[in-house]
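Labels run A, B and C following the written order; every chain starts at residue 1.
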Amino acid sequence: MDPEAFLDVANQVIKLKMFPFFDIAHSLLAALAVREDLGANAQAFSRKHPLACWLSTMLVIFAGGMVANGLLGEPILAPLKNTGQLLVGTAVWYVVFYTPFDIGYKVAKFLPVKIVASAMKEIYRAKKVYDGVGHAAKLYPNAWIIMIIIGTLKGNGAGFTKLIERLIRGAWTPTAMEFMQPSFYTKASLLASIIFVLDKKTDWISAPHALVYFGIVIFLVYFKLSSILLGIHDPFLPLENLCCAIFFGGIWDSLAKILGRGQAKDGDSKDVKKNN
Amino acid sequence: MDPEAFLDVANQVIKLKMFPFFDIAHSLLAALAVREDLGANAQAFSRKHPLACWLSTMLVIFAGGMVANGLLGEPILAPLKNTGQLLVGTAVWYVVFYTPFDIGYKVAKFLPVKIVASAMKEIYRAKKVYDGVGHAAKLYPNAWIIMIIIGTLKGNGAGFTKLIERLIRGAWTPTAMEFMQPSFYTKASLLASIIFVLDKKTDWISAPHALVYFGIVIFLVYFKLSSILLGIHDPFLPLENLCCAIFFGGIWDSLAKILGRGQAKDGDSKDVKKNN
Amino acid sequence: MDPEAFLDVANQVIKLKMFPFFDIAHSLLAALAVREDLGANAQAFSRKHPLACWLSTMLVIFAGGMVANGLLGEPILAPLKNTGQLLVGTAVWYVVFYTPFDIGYKVAKFLPVKIVASAMKEIYRAKKVYDGVGHAAKLYPNAWIIMIIIGTLKGNGAGFTKLIERLIRGAWTPTAMEFMQPSFYTKASLLASIIFVLDKKTDWISAPHALVYFGIVIFLVYFKLSSILLGIHDPFLPLENLCCAIFFGGIWDSLAKILGRGQAKDGDSKDVKKNN
């Protein structure tokens, strides 16, 4: 492909308007996620508790903005002032849960629809991560960690509000904490945030800005599609295992075991327990 | 009644000073609610954990303002800067929990006292909803949903902080979520918020402003008293059932059942479960 | 000791630079607390969930600032902008959890190291309480209760975030609420806050400002060391029991029992239960 043309495409992607089509795709997947999280119970629940159902769907849709605002001391409700997004979200929620004969849900679950919506959502995710990093950089120009946290939260906010979202529906699952088993989306948003921060704050990345952005979009869409179509769920896993082995004790633990200190260590931890 | 005189009364109600008598009534009902929520355990708990007892009572008293501030990016602790209210609340808490021979509690439970306090609290509630809507309207002049949310939260804040309030006392009841089974107060505050927003932002309500306010006060007091005296707990219920039947799937579900698709639907939801 | 020299020492203590040595001590004790809270599970957990482990350690380290900011409407993430503290905290966390053969942990647990770190942490605590009270006083010059709350939270923030910290690690212990059984650190921070507020806002304390500060430092360090070395855990207990007996019903309850009303009271609380 001609590099010039490629850069042109990249420049177009960076300027894509999100409203309303990307918002529809995002809301659609959010409503589907809520419905599938409810499991076999979804039909009955949506009839009995429409308010809780609507609120938890809105929370999933606006999670990133709300959590980021909450952590940056800005109004948590501010994302709701975008009336257009709110109406789109409400309409999509209604279609997924309440259309006659469940037509809306069945259409949304139809594979081609899901693929298109997922691809659009990943493009939206890249934009959100990018905006999040930019916003945090304006507030704290030297605090890389805050930029990375906000970028990650904007990219996969719903992962971090899952506990609250379920709590709104009266379910409490404290072990389903995102930090314990970060999903692929969290890891990808984290990686994208780090790349955006490096691109913004250092000279290490020499590629034009639009290309970096486009590269992340392609990366996100590619892995999302391979997750749906090929069932590859976490391409980061090998890298992580390597990292854990080197930095987080894997090698040393093995060495300690080989040297016959494995038993001693078990003893140690028992001591700790007694001291408590 | 003479319309002129009626409007005069309405104008007086809108200018009523809340401090200190209405604050006393509000605090009294809050402390009673905490005490009754503790159940048979209340005496022992208040002796063993005065700090947790005081904190959870304060949370109930200031719930509306704190939650609304938290969601609007304002200081959560700000309501506490009102020293007068804080002292009144603390005094009432002390009287309800610690007076010799439990005199304070018995007086507070005495029906006429409870009726007067409840009526005063409803007048206070109307004012809080009104102030909440006005405050949100100043911040987000076009975001109706934010005005309605803040009005509702100010009107029945304690309902939404019940989980945190119990958590302070070491109890965790995730299924007691207000959104799942909104109480009459939440629904009434919601309705009042919507009416105030319509009155403020549209020309649909032609009645003078003071009359609208007075009407809501009467509505709230009337249903509170009929709830205490006659045991009518939720006049919204018939309306809700109608609404659910029309908009949230009731009719379509019945139709689907009649057409013999009820079984198919059950099958569907089982599939969803398997996919998870 | 010469009063002049004493005042000199006090003036030096008040100007002590905290970074980096006091931050190292504070982070070390925070990481140890996380590790001991994990119990026998710590080794395995830190290998499997490094992210959750790091996040919960950071939460413990920055708890005071984050909670205080959250309650004052300031950015919760702001404490993280202090890159130096963040790096120190991360390095200490790494040393405590991942050094080969667990050397870091063993050194940190070594009694003399722990004593020095604890003493330094108490000096740091005094400074945090002082800064917290000063910060709140700037925002709300007349709201004593807010100054006291913020001072206490800054002094023992980790106590109040314990629930969230454990939640990050996928554990939920709602009964471990700090308000139910305030630890010695909470009570000492509360007392220190009250003294600082009195010193700042009234003329009741005639001692020079530096001396008050130094007195609180000595008080905190002294009781910390006696807690480690002598096993005295809560010098406030006798005072509290006295206070409860006088103000929170102890005497009246005994009197009521003597007058044979104890049974009647039990009956009362059963009635309450029925009414619920």
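One rule holds for everything that comes next: a residue touches a chain if its C-beta (ideal position, glycine included) is under 8 Å from a C-beta of that chain, and two chains touch if they have at least 3 such contacts.
As the structure is a computational prediction, the values presented were derived from the model and not from experiment.
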Handout entry: Interface residue identity across copies chain B, chain C - same or different by half
Key = different
Fill in the blank from the handout: Rounded to the nearest 5 degrees, the rotation mapping the CA atoms of chain A onto those of chain B is 120
Completion exercise
Taking each chain's centre as the mean of its CA atoms, chain B sits from chain C at a distance in Å of 34
Handout entry: Set of chain C residues in contact with two or more other chains
Key = 73, 172
Problem - Of all residues in chain B, those that touch chain C in their complex - result: 35-36, 39-43, 46-47, 49-52, 55, 69, 73-78, 80-81, 83, 86, 97-102, 167-172
Completion exercise
So, in the complex, the side of chain C touching chain B is made of residues 70-73, 139-140, 142-146, 149-150, 163, 172, 174-175, 177, 179-182, 244, 247-250, 252-253, 255-256, 261, 265, 268-270, 272-273, 275-276
